[in-house]
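The structures considered in this document are given below.
Each of the two complexes below includes subunit A, the first together with subunit B, the second together with subunit C.
Our next item is the complex of A and B:
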């Protein structure tokens, strides 16, 4: 159950080894991440849950190659990470960040368009991804014509368009209302099952964290560190009814106590 | 689809309103409801305009004014956009300069016209400089706002999907800023026209502004109104062209509320 002592295996899509991050001067700066180690096996769905300000978003940005770690090492598919590697890792942010002057299909195609290549094939790939997230019919719509949930699905399609093995998700449903958030969780699981990706999903919602995950990593703040690793022993496919089960309640309670210990 | 139908019927209604105003003008003047010496019928004014457009003297005035506006705009637009970008990217300088800019924006710049004339004479240079000075501040402020309007998340997104620095500027930053840049240019253009015409009306050997003042003094109300109508039409057309540019770049569908 401990977060420590993880040994990297060849089957690990993501390996994080003793990563620390400080902002400001190295010695007197603010330490936001302290000796983080984790691994995510190929094809698994791992959630990272923690209070606001525990550094979980920073950790995701480090794994995405957007922010350098102060110490430690990241391996993506066995290779050390030096910067963003969009062919290996797709990313979905809390804001959908769709470009408002592009249609849904053009937004999904954008990462491919940056690299040029055959326009017909790019376009077909973008439409396939929109179909995967159930939005084939709004391909020609602009972001402002879509609901918040639809925009986030377009962002997921964009994250998958280069067929990365790994999808990093930074609280992607946090801006949505609760009903939509729950529904999106179910849809994400279906997309995951169809596309067989490795997903690392950040959230501060306990229910969401348990419902989606094979494994939940629990973080505490100041400095951010992983305090527990919980394997969720619920069968797949998940159903919304499982949220009301006794087992679910017990795990939820366990995580709640881990996070509540911290509240001053 | 629905939007198209609505905008078509709105356009039809707008045309109808303009047509009704034209008919009302013709009617009140022909019936003598207003003094026809002050407001001649629209048809007379349009006939006068047709004659003016064949009058070499007026065409020369028109050419001078058009060239002054064009040169003034072509100088001030790139200069103030570049300065706006620079200020947006260097907050330390912006902190020093912005209060001065905002103060200068607040004052009526027309009171400086006599100084411009003393310094630059009443010729071509003075007209384009005055027009450019009038437009300068507003375009700078819009360009600054355009940079600030780009959500920082767009840059993170660009890096995450592997965009180069050049691609982030050309394919994310620039299109994201375009609506406010074009808005600034549209307002700036109106300021340039205002500045050039004002300078011509105050003192100039040639130009439409000079002609309008002249016809006012000599009570040639038909010619006066014909020239005014011409400027109104020209400005509306240019404004519409700038709007069409905005739409064709796809940014007319812009809605920053829809980013999340």
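Our next item is the complex of A and C:
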């Protein structure tokens, strides 16, 4: 099934229509994204997998409203996007990017604090989110006192603190070791199942992409474009055993071949 | 065993005693090098004058520091946050730091008079540029990923600068404050020595021409005490802001 020409439905949390992005002057510039169209239905978990340099992070930054697209249009919950919409989309980056002088709880509270309001309620909300990611007991710790996995969970709590419908995740576990990464994936699925968010998750890990997703979008590079859309027909809740299944292996192989076509 | 503090006091006392002894035995010229007892005599004779001088100098210092810190940090932050202006301003600031600004002090005297105003003006001139430059460099060097994070969570430009970039730049800013503040102290004292009617630098300079060696030494010691106090205050500030410092970039 091709990712192109999708008609936006009202149930789509994210719609990307013919988005292209070039850096530098239009003529001699570098085209990083070429005519990208995709949609993510409400409550779905979609992963976007591709090699380094395929523009997947740029695409996420465009969807987050951080970088303008050169062409095309983004709809978030049906509304055209013009800049960051933190109440609609939370974001988690590859680096946790916690402010080192703030405690875990203060970091989670940061987006709320930017908009002011009742401090007690803000803090209660931040503590709730820390509890959701299983870190209630380190609320008063500073980032440098936490492990890489814990810092990334604080970042996830921060991404969820404004209760956005959509969570954008840019290779959030890429800097973690293999075991922590797998474990974090499982925990993320639990949080997702409890909170009914729409998640767009970028990764270059095939296993991670398949294990987490309802749908995997496969990107190729130079210029970045979506070449395949694969619906993962594995039951929920997912278990780690599924990674060894014959079906999983076949899907993995299919994606691997799509990506390997490009390796010189 | 003696504690470290006690040992330090003992060494200090021994050095003072040896100095006094050398003076009493006429091993040193009293017109050039004083003695502890001369310093004490000067303090007893003119404690009132020295107290006033300390007050004058301290006031000039405090005002110079207040102006230099606030103006230096605000200007440095603004220039650091605006890439184009920062690129233009940084080399100018570097040049201003490299110039021996003392050559303009006679002009300052002519413009604002011999009172404390010219000392404050010269103190600010000495201290504000290193503070502004360090702040500019610190703010400009902050990791852009943090700025992107804050923007994604809806920070306004002002919030981004004040709540994210400025604290991230704090280590650089504090080292600027250290350099700048010691330049202010030097600036104010030198200004007082070159042309003033009051203050510690003025008393040192005046007593030197009168060959009151004890008073010169007393003034020098008081100036040193001010430097030590300022340094201690800055160390405290550094510790306060350095609490979170360990790994800024090792975040996974």
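FYI, the second predicted complex is superposed on the first by the 264 of 264 C-alpha atoms of A that agree within 3 Å, B and C clash if a C-alpha of one lies under 4 Å from a C-alpha of the other, contacts with A are read in each partner's own complex, and residues count from 1 in each chain.
Heads up, the rule we're going with is that a contact is a pair of C-beta atoms (placed from the backbone, for glycine too) under 8 Å apart; a residue touches a chain by one contact, two chains touch by 3 or more.
Since this is a predicted model, take the numbers as computed values, not measurements.
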Q) Between subunit B and subunit C, positioned on subunit A by superposition, is the outcome a clash or a fit? A) clash
(Q) On the A-aligned overlay, A:223 touches which partner chain: subunit B = first, subunit C = second, or both, or neither? (A) neither
Q. Just subunit B (first), just subunit C (second), both, or neither: which does A:186 touch?
A. neither
(Q) Tell me the contact category for A:96 with respect to subunit B and subunit C: first, second, both or neither. (A) both
Q: Check whether A:148 is in contact with subunit B, with subunit C, with both or with neither, and answer first, second, both or neither.
A: both
Q: Across the two complexes, find the residues of subunit A that touch subunit B and also touch subunit C.
A: 61, 64, 66, 84, 86-87, 91, 93, 95-101, 110-111, 114-115, 142-144, 148, 151, 158, 175
Q: Please name which positions on subunit C make contact with subunit A in the complex.
A: 145-146, 148-156, 159, 163-164, 167-168, 170, 241, 243-248, 250-252
Q: Please give the residue numbers of subunit A that touch subunit B in the complex, ascending.
A: 61, 64, 66, 84-87, 91, 93, 95-102, 110-111, 114-115, 142-144, 146, 148, 151, 158, 175
Q) Which residues of subunit A touch subunit C in the complex? A) 61, 64-66, 84, 86-87, 91, 93, 95-101, 110-111, 114-115, 142-144, 147-149, 151-152, 158, 162, 175-176
Q: Flag every residue of subunit B that touches subunit A in the complex, lowest number first.
A: 151, 153-154, 156-157, 159-164, 167, 171-172, 175-176, 178, 249-251, 253-260
